[in-house]
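Here the chain labels run A, B, C, D and E in written order, and each chain numbers its own residues starting at 1.
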Amino acid sequence: ACGGGQVGQTPGGSAGPAPGNKNLVLVPGVQNEPFYISMQCGAQQEAAKLGYKLDTQAPQKFDASLQTPIVNALGANKPAALLIAPTDDVAMATPMTTLKNMGVKIIEVDTALQDKSVAQSSISSNNAEGGKLAADTLAGLLKGQKGSVLVLDTIAGTSTTNARAKGFTDELAKYPNLKSVGVQFTQNEPDQAASKVTAALSSTPDLVGVFATNLNTGEGAATGLHNAGKIGKVKLVGFDASPSEVDGLKSGDFQALIAQDPAGIGKQGVDQAVAAVEGKPVQRTIDAPLVAITKDDMDSKSQYFYKSSC
Amino acid sequence: MTAEEEVVNGGAIEKPTLGARLLGANTFWIGLVLIALCVVFGVLEPTAFLTLFTVQTLLIETAVLLVLSVGMTFVIITGGIDLSVGSVLIFSGMVSAKAMEWVSGGSSTNAGWGVILFGLVVAIVAGTAWGILNGLLIAAAKIPPLIVTLGTLGAALGAASLLNNGSDIRTLPSTMRTTIGYGTSFGYVPNLVIVAVVLTLIGAWLLHTTVFGRHTFAVGSNAEAARRSGIGVTRHLTSIYTLTGALAGVAGFMSLAYFGSTTISAHSTDNLNAIAAVVMGGTSLFGGVGTVLGTVIGVFIPAVLKKGFNIIHVQDFWQMIAVGAVLIAAVWFDQQRRRSRNR
Amino acid sequence: MTAEEEVVNGGAIEKPTLGARLLGANTFWIGLVLIALCVVFGVLEPTAFLTLFTVQTLLIETAVLLVLSVGMTFVIITGGIDLSVGSVLIFSGMVSAKAMEWVSGGSSTNAGWGVILFGLVVAIVAGTAWGILNGLLIAAAKIPPLIVTLGTLGAALGAASLLNNGSDIRTLPSTMRTTIGYGTSFGYVPNLVIVAVVLTLIGAWLLHTTVFGRHTFAVGSNAEAARRSGIGVTRHLTSIYTLTGALAGVAGFMSLAYFGSTTISAHSTDNLNAIAAVVMGGTSLFGGVGTVLGTVIGVFIPAVLKKGFNIIHVQDFWQMIAVGAVLIAAVWFDQQRRRSRNR
Amino acid sequence: MPVLEAHELVKHYGSVEALRGADFTVNAGEVVALIGDNGAGKSTLVKCLSGVEQPDSGQILFEGAPIRLESPVAARRLGIETVYQDLAVAPELDPAANLFLGREVRRSGLLGKLGMLDKAEMRRRATAEFARLGVTLQRIDVPIGSLSGGQRQSVAVARSVVWASKVVFMDEPTAALGVVQRERVLDVIRRVRDEGMAVVLISHNMPEVLAVADRVEVLRLGRRVARFTAAEATLADLVGAMTGALTQEETR
Amino acid sequence: MPVLEAHELVKHYGSVEALRGADFTVNAGEVVALIGDNGAGKSTLVKCLSGVEQPDSGQILFEGAPIRLESPVAARRLGIETVYQDLAVAPELDPAANLFLGREVRRSGLLGKLGMLDKAEMRRRATAEFARLGVTLQRIDVPIGSLSGGQRQSVAVARSVVWASKVVFMDEPTAALGVVQRERVLDVIRRVRDEGMAVVLISHNMPEVLAVADRVEVLRLGRRVARFTAAEATLADLVGAMTGALTQEETR
């Protein structure tokens, strides 16, 4: 095309962030989630310690079309580094690359792009591993009991929870006593999760376990089990350790939770970002730990509980 | 019988028979669709579908939406629309939960009925407040309902998030969950369902037998005529959105009791679901016609369908396609029958 | 001048002046709101807001919604509604991506312009197909548009998910991303924006100067009168939903080029955003009035607002509240001015 | 004494001038015909005098005292009822509901206090009213939108005379009526007049005007241009005044 | 030879019987008045004969051959035009747009082939047509919904006579018209008749009917009950036939 170019290629060269810029921005996957709030808390603490300022801007939904404008807007007020949980491992590459070309350092937290050349560092827990851990934990809870297991996923196309569900299903195949009745999508709505659980109870009387891949599905599943009076009889394994899930674990709604370490991810993200900004060496990938928490060991693992505010 | 006899005394021949009225009722054919769905699933999975448990959970799961849809029926009959119900529901739940925490001085887990009732009142007041705001903007400032409620949809959700810094409250009186949320009365009937049924009956009574209901139809049928007839259209519209807000407040409390959580990130499709239920029940988006009974049927058709599909294990993606197809087919069938009746 | 002079020759006095027409134009006041917003943000953050980059990304980000909204304008002017645009967009993108993979025999990452053009055609065809389905169900089977498009909303999404088993396709021709997705022409203008502008201009031309557009207004103003005037209402409505479907198909391809992914889980609010843009632009949900220019303004008001808020770092929850409030205020201002003009 | 008077009413719609300083007077116990060409401003004048529209300037006097009619309710409270040219009925409601719109009959007792309608009573009274006007309806429970043009108009006429106590405006009430129904309406107009109310009749049917009116006021291009006593006026006078061939009042 | 004939038309709306076996005949080059009480079925008959409604049973003959009028388009193709009682105009469009609705004038050349409207030409021709009918409009670019009742009706009348070639149905075309406009419309009716077209006039104004019609057909309770030659009929005959005091045709 005539004069073909690319967006963000300001003719005459782009001015990167001003030297000495001490602003960091965190763009989590979605607002209102304790997971990301805890990450923000960890990151803020670390940033303050290192003499940086950290802003957080979250999309309303876990949706690339909502996260893109937020990232693009940063091009106007360039921060020194961006910590981001990309909501789509390809779609977010464009805006992130644009920022990177403007001289902003990119650190991925929680999720990562397929294109490994964009970010300087990625800190994440392996979601498939988390799914596996959930399957093992559930099998342990059931102690050889025979029966069916239901997996509740959020929305088709959500990479993180899809990976958890897949890891779970793959691992479950190793337990001959447990049979998967398949993955069901809930559109991330608790009421649909509740409805799927009660329907499964109607049609699959030997249901012994449910794996819910995030907070909303977990809450919905617990509600469904409550309705059916099956709390505790059907083992419910949730993902993440938000305050509400921890309460649920305490009260017996959940039998186990697979917790990540969001605060740790946030802290390490800031460390890497600062290192990148200051021209120090960075570590390309960091694996964050995952733990299974049950009612019995919950007191000893309270450092993994997520926070709903800093 | 000659033509003469029929029209002698200035009009008004006697009423048609009950059978004819039933066949003529706007809700008859769509009601048949609902019954047909139940029969089909009953035959396909008699042991799983036609059980007390399935019926109980089906009713409980639709209770909240039913309450929202009753309010929506009034709004749509006036020719308006309310997209904000889901957000107002969340906001009310959030305020209510906060208030209960506050009067219990911290966690309200062990609070008694006094606190719970207080929470209910707070929820209703919160919902009503948004309803009044919607109503005034629509009726007095004459801004299109779609814009107003789209605005308050975002604003109520933002405000709810602000209140607890974006996270859910899950420490609620446990009595509330066990009695209202999933308790039953008369042996089998879930309490949440009783609440929804009572509200629906009141709604139907209000709409179909009172002056308030009559004016609702009049405003929707021809607002200018209503105004010239001395109906306070502004005031009436305001009270209708207020009513809807109040019902959303109750629904927020019910949702709180049901989920035991404020579920901020949920309920985003409640508005469209409620509107769909109302329209499926034969209420026109252009206003002036509609019934609460139709809305009830409209709420249950998708609910039964999804429940049935989940029970007979239809894959999710197929389910989405099938639910879409059945919605359309049900309304098509209804239209078809009604049209032939008018031939 | 006496009254006599004015009305002598059977009516038709000469046209008002340009200034009067501008002031009288339905889009004038709401356009002022848009300009005011830009000015405010420009003053608050001159170095960040009024930059080439901000303008470029603002335009790019709204390009897809703009294309959807142009189609939606036609639909709403007929008194209809189309909730399915977002899903049809995703479906078209998915089919297009699949088709490009298929003709490239596996991954299409290195495919050339032939394959890309083929993908575009497939996307348009896929969107058109859903549009025809919507149109026939609405116009021929006479099912309310809300129900039909709510049904196809679910069905199209389900079908898109089925095609690739619920996961996104992310291997797309890289040429497509670099040129169409975020390439620019004439130095600064993003190609995606050029596509959107051209489609919008064609839409405006079609609506405001052709027989097709005239009939669109007539159908929305009084469908029965249109029918009696010999306008093929069924056919016209069908073509309008088909047009909207085709535009959603193009939008699907644009989204594909932009995101480089089929983004199944995204676009869930596109339908409401498009409807809001159209209504904000002065088009009545009851049909018969509306302009494409109004829609363009209606698309940009929330876009500018969100962009500005993101740049000046307003917190998320406050942002939701503020966007809601500004939407309502903008339309209120517009109404106010228009009403006083009619006094 | 005039029960209702208008002075110098002006009403614009955008750049269209519907009223350009119109005067109008009607006394209790008389039938005044308001006539004029199409677009002369008759309906606009009626709307201003029944609170539906607010004039841009000018004065309205009710029983000698200046008033403002902010809404139709204000006019109705003064005992002013109107049959609008566009009828202003709710097409989806049945004739009885339209007749009682805004003045529904409630049940007796507590249920009535709660707002419950007495539908049977309203239907009964509606049937009686319609019979009085010679309206023939095959069924009374159909929406008014599906009635014939004349039937619909009869409902609107019935509504106004049932409730008025001071002034009845009738904007072309007989335009769609059959011969019999038209006579009935003229009878009703006379009866209402004899009860001491003022009736303002708008009509394009000059024989009808001369038959029923006591006085005639003529509107032209938004102004009153002539007044007649019906007994003394001829058809030619009226037509002359309407078309501008004859003008009594000075053009300001 | 009759240009249009109806035999035994029956039309139900739910349980309401609008037509109960109605017959009707109109010849080329004549004005037939179709009269009857309110609710007699006149408008319904017109709707059946102009393709808007489908009769439940009965036969329609056009120039002797049985036809089915599935849609208004079918009727228009045969040269049948109609002024509907409810006018059937698009209230948001302006008078010129309404006049040319469904028959828009396109620009010449390629742009016209692409469907572009020639708005100036349509406005010009509309202004001329309105002047011919004596319609006075202050502005021609306002939506028709804001016009006065008579102005709106004039637009509908203008539309029908511009396009007709065989039959024009006019359902109470003069009901809302002023004295001058009414005369103009009656003139137009005569002119159209003289051009060899058939005109069917529905009116409740008997003097008008007797003045302009060649023949009169009377509908009562959905059936034709009498036919007259206008020159021989008296007002009493017509009223008698409409009210049922006089019946010529046997009741089946």
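The definition used in the following text is that a contact is a pair of C-beta atoms (placed from the backbone, for glycine too) under 8 Å apart; a residue touches a chain by one contact, two chains touch by 3 or more.
Because the structure is predicted, anything quoted here is derived from the model rather than measured.
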### Query
Counting one step per pair of touching chains, how few steps separate subunit A from subunit D?
2
#### Entry: Shared interface partners, meaning chains that touch subunit A and subunit B
C
### Task
With centres defined as the mean of C-alpha atoms, identify the chain lying farthest from subunit E.
A
### Message
When I count C-beta pairs in contact, which pair ends up with more: A-C or C-E?
### Response
A-C
### Task
Could you work out which chain's C-alpha centre is the most distant one from the centre of subunit C?
D
## Note on the structure
Averaging C-alpha coordinates per chain, one finds the centres of subunit B and subunit C separated by a number of Å equal to 30
### Task
Could you please state the distance in Å, as a whole number, between where the Cα atoms of subunit B are centred and where those of subunit E are centred?
47
### Query
What whole-number Å value describes the gap between the mean CA coordinates of subunit A and subunit E?
71
### Task
Give the residues of subunit A that touch two or more other chains, as numbers and ranges in rising order.
31, 156, 185
### Message
Give me the residue numbers in subunit C that touch at least two other chains, ranges are fine.
### Response
7, 161, 166, 316-317, 320
### Message
Residues of subunit D that contact two or more other chains, please.
### Response
13-15, 17, 135-139
#### Entry: Interface residues, subunit A side, partner subunit B - complex
30-34, 37, 156, 181-182, 184-185, 187-192, 194-196, 198-203, 216, 219-220, 222-224, 226-229, 242-244, 247-248, 308-309
### Message
If we count contacts the way the header does, which residues on subunit E are in touch with subunit C in the complex?
### Response
50, 52, 71-73, 76, 82, 84, 87-93, 97, 101-104, 106, 114-117, 119, 123, 127, 130-131, 134-141
### Message
Per the contact definition, I'd like the list of subunit A residues that touch subunit C in the complex.
### Response
1-11, 31, 55, 57-58, 60-66, 68-70, 72-77, 88-91, 93-95, 98, 114, 155-159, 162, 185
### Touch list for subunit C against partner subunit A, complex
45, 48-49, 51-54, 56-57, 60-61, 64, 161, 166-168, 170, 177-179, 181-188, 190-191, 255, 258-270, 306-307, 310-311, 313, 316-317, 320
### Task
Over in the complex, which subunit B residues touch subunit D? Could you list them?
6-7, 9-13, 15, 209-212, 214-215, 217-218, 220-222, 224-232, 288-289
